[in-house]
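Presented below are the structures under discussion, each in the form of structure tokens.
You will see two complexes here that share chain A, one where it goes with chain B and one where it goes with chain C.
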Partner chain A sequence: MNKVFINGISAISAQDEDIFDTGNFQEFSSSIVKAKDQDYKAVIKPMMLRRMSQAVKMGLYCSKKALTEAGIIQPGAIIIGTGQGCIQDTEKFMQSMIESEEGLLAPTSFIQSTHNTVGGQIALELNCNSYNMTYTQNSGSFESALLDSLMLINTGEETTVLVGGVDETSPAFTGFQVLDGQICKEQISGPDLLKKDTPGTMISESASFFVLDAKKQEKSYACVRDVCLKNRIQKQEPEQLILEFLKSNELDISEIDAVILGNNGDCRYDGYYSGIQEAIFSKTAQLAYKHLVGDNHSISAYAMWLGARIIAENRIPEAFQINHVTCDKIDKVLIYNQYLGKNHGLILLEKP
Partner chain B sequence: MCAVAVTGMGIVSSLGKNLFENYQSLNTGKTGISTPEILQTNYKDLPVGEIKINNTRLSNDLGLNPGHSYTRAALLGCMAVRELLHNSGLSEFDPGTGFISGTTVGGMDMTESFFDQFSENSENLRYIQAQHPGFTTEKIAAYFGLNAMVTTISTACSSSANAIMLGARLIESGRLKRVIVGGTDCLTRFTLNGFNSLKILSGETCKPFDENRNGLNLGEAAAYLLLEADEMKGNRPAIARISGYGNANDAFHQTASSQNGEGAYLAMKKAIEKAGVDPVNINYINAHGTGTGNNDLSESVAIKRVFGDHIPEFSSTKALTGHTLGAAGAVEAVISIMAIQNQEVFPNLNFSQPIRDTGLMPETKLHSKQLNYVLSNSFGFGGNCTSLIFRNE
Partner chain C sequence: MNDLHTELKKSIIDQLNLEDMDVSDIENDEPLFGDGLGLDSIDALELIVLLEKDYGIKLEDPNQGKEIFNSINSMVDFIEKNRTK
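Entry: the complex of A and B
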């Protein structure tokens, strides 16, 4: 079975990528947070850029950066995880359809509304005829994409896979999430988000892309050892899920050096994390990230970006750590995420 | 080579609410295309493949309490999976059973209905999450108590074909022993207006592969297959096997297919290579054949490139079912397996004159034929092209 190396990475989020080096982070005065603007013109033609929604722009930008870093021109597969897909264009088309009462409509936003627009546009830009897939399963979207990627490389079907998670926000659709309590009414970001005792969280835009390869490079960040996706478990069950997952990888809990958790300050569901934080991970370095970059359906891809850098640099940035356990040598990192008590994902990274 | 067993299936489409009714319609060439009665739209005269059972009746049939948050695609999905369970020889799904569903619009029917009313009526809030396709998949999973691996593929009109391919790969890799794969999509004003804005909807029943074809008819359906590792199957029969699959990207245009049908060509080639057969062994192709000028020409060119002088018998069944978008790949997988079970080729309706540039002649009459290998094509927006090969057990 071929190992899977991470040879190129790129992430766009509400924070600068150098948060990892500087530890400086921005706090937000809204519970819906946009991604930091990038120098998109540097890699995307201005003519094309104008028509592109945020998700397509971010996806294309990160893809190119990750591919360049890995020295890959054409990947053997392009696999995307996105929970909301291209909601900006979906919203645009739906709004004009409703406002015009099914009148004469321009097709552009409809054309760009399908969930696989990001994957399709990357293929178009790279002129890449290879395998192209898009997963959309709430907070399991990126894990689904990653599972497909692992199967392709593990079995030797493909050697190089471009995989990414991307989600954008849009005024009305994201706004609806305030109405049903997914987004909190308070405007809290930073460490305080994780301490609040109310429902809802901060929702954001992000994109994190990776070039996975069967071949190790000198600068490989980490290996993706395994991934697991489970639709529904009870609040007391993450421990069992994690232990079984580690056992199937012939690992003991003590071998995990750091765990990256999906705490998002939603008092109804953070209990999925608190049980394991107090029990099996009490002696493990614990990290969180949603207080800095918000939550969305593919944000666990950001956690993988974080985990990959932690392993590569053997260092845990202070802004992300939520306990006081120190760790000299970081070989193995586990990522656990869920949203609204469903779509639980585990990703296991290790030193290459 | 791949040989994943298919041990059950279920379908609801405009041809009927179960396998038997669908087969009857395919067998008699009775189209499911009509005009919208359940879908609330201004386009009352546009032909669609609509399932004439409203959501209330579907909910009652499934025993759901009023106040549930099942989208129409979820209701249709539950109907099809229930039939699959009944004919799979299982009494229930074991806890490890995976569920992979393909869909394009998911619960957009609810989003478009309540878009202006979410803030006014708190009862509607239960449909806010329906906007993302995974919600519809989860609803179906919850109905059958499927808590293990659940995921959704959304690659436009190849979504459920890709779900079937992923299922086969999960079984082959040993990651799953049993998985339900397929897809569901319902008619929405969003898609009807969308395709209308692209000017590719026909005002009459579509004419796949005809020189004078003038567009597609949208449809709605749900169809699922049960895939199993042989050790799980035991003595229960396989109704067919998945022997090959391939996905490629046309990398030409967000919605249009390339002139040389590169994506379609590569997908078919990959599937045939995976199946480990010679192209001459493919006995029948259930084509994507939407009835649009662009698709049918591009697909014809691709078929000619793959098969040369030995073009297998082929037909598009979309003049019967309509184009059911994300569900189309699974609908046509069920039709392909029915073709194998009955050793019959189903007709391509409304054909009279071959496309001038390619001259391909689809099968227009129901007839018996020895079918060992059947290839099914599904292509979608974003250049996504998938081919599946089913073989007789």
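Entry: the complex of A and C
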């Protein structure tokens, strides 16, 4: 497999992007957390912006920032991972169907309600007619998008790919996740979220985008060496999954300098992480991020943003580290994520 | 400017998400499409829905649209003559 370089990154989450530099983080008084507002008008025309839901705004904003950083005007492909797509407009559209008793419906929310609206709007803005794909595989959406990106670059079909993960919240649909027990009743955020022993987690909005390229740049953040996704495994199986994944990349567990885990404080499923934290990663620097930015179907893209910056700057911000293992030289970072015990994703990053 | 002018401008701002725009920013005789307010074809569909929902007017002939949606004045004139609610 050829090396795939991360040459541009951008993320929007519930925390400021400078959390990596300052270590300052906000705590929340709700279990449903909005993304930090950005100066969208600076990069998106007002007449376009007025129709955009949160996911579209975040996706387009991050795309433009990542492309600018990589010095790319038009990518060879646009690939998006989103678990719930433009759910705000879906909700608006369905609400107006009810209110009008299935009569004449306003077109905007219908047009914007599909999952691939984000990819479509990015293509329109960039005037980019190339490959455009959206993956909607629940919590494996970003890993699926990333896998497609790596395959495109590795087969030589494309040299530059814009890939990202994006998800938004909406009043009614996110409310269903409360009824389903996915969102915790307690209003806990920050490190205490990971210590609780009750079901549910903090759900949030986020977007994280990357410019992947076959060519290394002087300022390349990291390489994406491999990605894998397994839909369902038992609680005792993550160790075997990880060891096999590393073996297929001719690596030993001792070569992983830091592991970014998807612990979200849901006592029913954090066991998938605790086993490997105590066993194979007991001597590895361990990080978590969902206690700061919440959880959603494409949040593993945020973990990749975090991993890329850790490798580029060779340091682990204190707010993210959950054990006391220090590491002087960070060459390889492994990301492991699952949601509700399903869609176990592994992403391996390394120094370019 | 009568109440219908103001009411219509408020509905248009709300329905078309014309953020940062106020009733006083829209002139009664200003073209709604093209060089004026800069609305587009999706907005035209939204205006058709608005006429039916708020005033009970069904546009039978799409060619009428150009004339009716020319400005706030032309819309108000059409609504006053054809409203059923």
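Note that in this section the second predicted complex is superposed on the first by the 351 of 352 C-alpha atoms of A that agree within 3 Å, B and C clash if a C-alpha of one lies under 4 Å from a C-alpha of the other, contacts with A are read in each partner's own complex, and residues count from 1 in each chain.
The criterion applied here is as follows: a contact is a pair of C-beta atoms (placed from the backbone, for glycine too) under 8 Å apart; a residue touches a chain by one contact, two chains touch by 3 or more.
Given the structure is predicted, the values throughout are model-derived calculations rather than measurements.
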Contacts for A:105 in the overlay, against chain B (first) and chain C (second): which applies, first, second, both or neither? both
Chain B versus chain C as contact partner of A:148, first or second or both or neither: first
Is A:339 touching anything from chain B or chain C once the two structures are fitted on A? First, second, both or neither. neither
Examine A:5 and indicate which partner it touches, taking first as chain B and second as chain C; both and neither are also allowed. neither
Is A:93 contacted by the first partner chain B, the second partner chain C, both or neither? first
Quick one: is A:51 in contact with chain B, with chain C, with both, or with neither? Answer first, second, both or neither. second
Mind working out whether A:127 is in touch with chain B, chain C, both or neither, as first, second, both or neither? first
Touched chain A residues, chain B compared with chain C: B
Go through the superposed model and pick first if A:272 touches only chain B, second if only chain C, both, or neither. neither
What is the shared patch of chain A, the residues that chain B and chain C both contact? 104-107, 111
Given the complex with chain A, which residues does chain C contribute to the contact? 15-20, 38, 40, 42, 45-46, 48-49, 52-53
Of all residues in chain A, those that touch chain B in their complex: 78, 83-85, 87, 90, 93-95, 97-98, 101-102, 104-107, 110-117, 119-121, 123-124, 126-138, 140-141, 144, 147-148, 151, 154-155, 172-173, 176-177, 179-180, 182, 229-233, 297, 342-343
Per the touch rule, the chain A residues reaching chain C in their complex are 46-47, 49-51, 100, 103-108, 111
Would you tell me which residues of chain B are touching chain A in their complex? 41-43, 99, 104, 108, 111-112, 115-116, 118-119, 125-126, 128-129, 131-135, 137-138, 141-142, 146-156, 162, 166, 169-170, 173, 175, 189-190, 193-198, 247-255, 262-263, 266, 380-384
